[in-house]
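In the two complexes that follow, chain A is the common piece, with chain B as its partner first and chain C second.
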Partner chain A sequence: MTTQALSETMPNPSRFSVRSALQNAGIGLALLALILFFSVFTEHFLTPNNITNILTQITINLVLAVGMTFVILIGGIDLSVGSVMAFAAVVAGKAITLPGFGPAEAIALAVVAATLTGVACGMINGVISAYWALPSFIITLGMLNIARGAALQVSDAQTIYSFPYAFEEFGSAMIYGVPVVFLVALFLVLVAWFVLNFTVFGRLLYGIGNNEEAVRLAGHSVYWYKVAAFTICGFTAGIAAIVYMARLNISSPIAGIGFELNAIAAVIIGGTSLSGGRGSVIGTLLGAFIIGVLANGLILIGLSDFMRQMITGVVIIVAVVLDYYRAKYASK
Partner chain B sequence: MKLLKIAAAAATGLALLAGTAQADDKPVVGLIMKSLANEFFQNMMAGAQAHEEKRGDYKLLAVGMQNETDFESQINAVENFITQGVDAIVVAPADSRAMVRPLKKAMAAGIVVVNFDVALDADAKKQQNIELAFVGPDNRGGAKLAGDALGKKLGAGGKVVIIEGNPGADNANERRLGFEDSVAEFELELLDSRTAHWETEEANTVFSNMLTAHPDIQGVMAANDSMAIGVVKALESAGRDDIVVVGFDNIPAVGPMIADGRMLATVDQFGTDMAANSIDLALEVVKGGPQLEGWVKTPIELVTAN
Partner chain C sequence: MAAASPAIMPQSSENPAFLSVQGLKKHFGGVKALDGVSFSLLKGEVHALVGENGAGKSTLIKILSGVFPYDSGSISLAGEDYRPASPHDAKDLGVQVVHQEFNLLEHLSIAENISVERMPTNRFGLLDKQEMNQRARSALDAVGLTDVDVKAPVSSLGIAHRQLVEISRALQRKSRILILDEPTATLTERETRRLFEIVETIKADGVTIVFVSHHLEEVFAICDRVTVFRNGVSIGTDRISETTPDGVVQKMVGRQLAASTNDAGPSRKPGELALRLDELCTQANPSDKGISFDLRYGEIVGIAGLVGSGRTEILRGIFGVDPIRSGRVLQGGNEMRFSGPRDAIAAGIGFVTEDRKDEGLILEMPIAANMSLANMRAVSRSGLLQFSEENRRSRDGGARLKLKYGKISDAVSSLSGGNQQKVVLAKWLGRNPKVLLLDEPTRGVDVGAKAEIYAILKELARDRVALLVVSSEMPELMTLADRILVLAEHEIQGELTRPEFSEENILKLAYGQARQAGGQKQ
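Showing the complex of A and B:
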């Protein structure tokens, strides 16, 4: 009985992959169309420098969106990632500017500080929302405020600056024109893709999103899986903080306001269902590209800031409507 | 819900008691600032608190906001100060129109009101039929100082872009106008002008894209230093050292950038002193001095490497 329930909630991986590959192909086509459009209508879009720019510009959002994918797949949401990123950046900024450390130790300390801060915030989100079965929307809204306040408190609302030179080097380093920070993000995407598709843990996250009760009846501890998903999301917020610091060479307590919305948008545009259980991190990668290409291309075209914001909004709505039809036909 | 209301009423009552108790000996000044998440106001509050300690002849009650657009809490703060019976309210309005009506109520209650940092809207003041002086810097003039420094460096025909603050914010507008004054005076060519919402990361992104669209940019005018830092980082990653950047605010983080030439100039409007000076002016009036009139300009200064 229980095994039957579980197999219903977790489609057989190979079949699932075909469907998700088709879905990703659709999003990929949309991205391709955008790229084609901007290449034709602007002079500089398809130049090596601009491609490097786009890769750099989507990195933070992509990192946050990878963690967000885990949370949305189990039917949750994490509104706190922007603030947690700022908090992690400030804590790491304090660590990296501590006197008495060489550059290497200082950087290592900062990386540890940022990831631990992110992990701790994510774990708190997960434990509270899973233990009391409360909507993560409201718990993470609380964390959004806690982390922002903590970032301001710890930093005295001052921008922290003058980091070791090597850290800055890392932030602007390129391999064949590809920013190293983007490669870090891409690595996270690949790890997430592997975990979600080829591990029991990953398949159970899909299962929880589809039918939590069935996973529980099959004898798995839903609680810990949920905590893990939120912890991963906090972890990626910590990584995003490191990328932010390396790129800009400062830690600002007002960094990342509204970043959670862009991360959610990347996940949703990437075809992951807000109700959980359906989607992929490859889609998220494509979604982050669509947002980044739009933001970049619309400036190159010379569109005003306000029009740019409106178009981004329209794209999000279109993506959700498409998702509705996708779900409808997939269930037939 | 009801419980919350009772709690709120109790809190107001306590505040009322505390307020009147203190009002007995020293005059009480209520200071209302904008977002304390902003370094500028954080420094301003620190300046005001140091000032309170130094003068020692008044009691300071300082409040800030959650963020730059949280108008409601400023209005609430004014109302709370009226209830507490403070002697003076010194306010940096988050919205130049929304604050006029509550401040009128405060004046009607006999409280000395000093408006600083951002000027209240002239039409709104006329409509409410109140006269209120403004103590503050000339944001437009300040931005023009920075813009002029850039204009002198580039000469006529120099190609520039502007990175603006929050659309609709009065100081963002004024600074943009100041930059545009410089553009006109030095016959610069303005290639593009966009907002990055005062934020470093967004300025980095927006400016990188502007640079792609216009590789021939020669100068950048950023409406605050946080955004100027983002621009400087974008220039570094693009490997360009031929583009001149000016900012505004003189936050500590840009000190090294101005010293080593990555930035040409910024503008100091002495935010730390601004609240303290306004409090001095308010206390003068409380003690029976003449009412303030017109625009009491506070100092601004161009900061360069030498």
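Showing the complex of A and C:
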């Protein structure tokens, strides 16, 4: 398809898209600059091994951030994803170690258990915050505690292990040096991108983030769309739990502490507005890469983990300040 | 337009202009809010600013009070260039505004509100409550609120008292220019008289007062001069003693609208019953009597009344936005129970809301996306957007309404007010509604686009759509409607047929008995 024909058939999220494309280009350039910098100043950054490392390291955050993008786009936030991930992992860990199942059935059971747990938690977040129009910040803060407590309760505060060997294999499998779990995350990004840009559902999520009342008065059930966004976020927390289990071959009830903050950071650095209505999941992908590359590169360069944390914090603040100017420029 | 009437400005040497505005312009994106405003204030006068909604008065006030910078032109205050960078700046220069919308902190006490700009402190730098309460006491006494406790929270006050608190806050600081933006909109007649006494007192102290009002009888009761605005342009300034309310109205309305008002009127024949309201009472309606009237296909019914008389609530009740307390909405003889806008839309009803920025449009999204917002099914197949279909429909919808735009994919925020309003209309027309509810359909729209929107609405009525139009602009209702229902305090005070249409008749009903004795000074 020529570019001409392409722009004829799908030009419509358009100025929207053009703007978010420009924005993504800016974030992409920042990422490129980081990569260049670390390639020049460290020996090992641009080696196949290290690239594989980075891809592995960012996978869980990327999965969580994809779901978080939906919630932030409608002007919400989900602080519970780290805990929900741990809860889902523990439930799935219990399922996968049930006696009497073959490896294939056990793994299928675990996948179903993890996603259902995540979906249930997300749906509860969505129903409560949408039905009573309460700030999702508070509701999901409550869920953060509930899910963590539930994870500890269900597991008796014990780490669950000895999963089927096939599961572990999946966690460390590579295709041309690319971890399969990263491809799973990338697939989620693509699906989310499609949903947000090419479906009525995605269009209305952007609409709700910009002007909820206008969407409601146009006859759409804002309530269900909000519940759906939170449910998707819970679903990705469930997927993250599976990736986590497959990678580490354990289910720990204290996994994922603080993961919600990294996921939010990836979304914000990716240019999605915290007040909703503006942003893209491609930006989120780039945001997750920026965090991952920074983390990896700064360690290689010889900085302490504490310094890395400080610099990541600075990047988040810079991203939000830039977003302020972007919004100001856009409203002119 | 500038030639319409030369401004009468007494530029004699003993009375030089205290504040002088020349060729002031202010644009918001493509919208010209002010497009050449010139007038002057004399020291110690009461100067009225009048004009229809959207004529530019509010923008001018916001510029004078330092909320917006201006694009071009000049303002001088007491001979010096006046360019306040912030409301704080303006206050320091002695320009105070009492805004139409309240700026009070509801949960703080009256005293705290009155001192909020400069809290009194004792020598330890702590809040001096005694001094604060004393200040508030004397400020309230000055506006006649002698029986109000300054320690009470603002939330315990009624609307009128809040207005007076706000005025007293502006007064306690030394002002050179005091701007009152529709100060009487919420006041009763007695409170209004009290306010006028206060205005006389501060005028005697040499303070210049700018008085913005929709009520000409008030303007003629207390003002010295009046400047008329229309579509962002100052039409001219007159001495009150040298003009008449009719003369002012003529300038406000301009010739175009005056002419179209007097045309023979529509030769429409109302058809079958579209909607019947049977004692409809929404939750916002405090009165026990509901609203009852019929709306027929092919007719335009206007709803007039002052702000707060319950006009918008009727539309919101019909559309299922506000819960209905009692009464019924019938469509073709069947009672309709809409649990939300979705049901109303399914029943063929559309609702062009009052505030396009907050309720009608998603400003940052493309024109096409806004037009299809109420009609997603037509531009999608099993949940997938059909962009070519959406663009085609949107271009058609835009062409039908003579929409002026760059690309159909441009954000709606890039359009002028009139064209934004056309997008809202297009959104609903795309569904071919049988009943269209419109709330202030031309607010903030320039004269040209106004005429086009009127033509569209009339054409819809010819095509047998039933239209219910709420408007504050009486010429608008008189141009469009077959009959006008006049509301006051959530009750229909009367119905006017075309031969009975006049601003006077509408106003008489809108003010009910309560106001009748009020503005008799002519």
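Criterion: the second predicted complex is superposed on the first by the 320 of 332 C-alpha atoms of A that agree within 3 Å, B and C clash if a C-alpha of one lies under 4 Å from a C-alpha of the other, contacts with A are read in each partner's own complex, and residues count from 1 in each chain.
Just so it is clear, a residue touches a chain if its C-beta (ideal position, glycine included) is under 8 Å from a C-beta of that chain, and two chains touch if they have at least 3 such contacts.
The structure presented is a predicted model; accordingly, all values stated were derived computationally and were not measured.
Superposition of the two complexes onto chain A shows chain B and chain C fitting side by side, with no clash.
The superposed model places chain B and chain C at 120 degrees from each other around the C-alpha centre of chain A, with the value given to the nearest 10. In the overlay built on the shared chain, the residue A:I268 is in contact with neither chain B nor chain C. Looking at the shared chain after the overlay, A:L64 reaches neither chain B nor chain C. By the touch criterion defined above, A:T47 lies against chain B but remains apart from chain C after alignment on the C-alpha atoms of chain A. Once the two complexes are overlaid on the shared chain, A:S221 sits against chain C while remaining clear of chain B.
Once the two complexes are laid over each other on the shared chain, residue contacts for A:S172 go to chain B alone; chain C is not touched. In the superposed model, A:F198 makes contact with chain C only, not with chain B. Superposition on chain A leaves chain B and chain C with their closest Cα atoms 18 Å from each other.
On the chain A side of its complex with chain B, the touching residues are 42, 44, 47, 49-50, 53, 56-57, 60, 148, 152, 156-159, 161-162, 172, 244, 247-250, 252-257, 295-296, 299-300, 302, 305-306. Residues 29, 319, 321, 340-342, 344-346, 351, 353, 358-366, 368-369, 373-374, 376, 380, 383-385, 387-388, 390-391, 407, 409-411, 413, 427 of chain C are the ones touching chain A in the complex. Chain B makes touch with chain A in their complex at residues 36-39, 42, 67, 167, 192, 194-195, 199-201, 204-206, 208-210, 212-213, 215, 226, 229-230, 233, 236-238, 251-253, 256.
Chain A makes touch with chain C in their complex at residues 8-16, 198-201, 203-204, 206-207, 210-211, 213-221, 277-278, 330-332.
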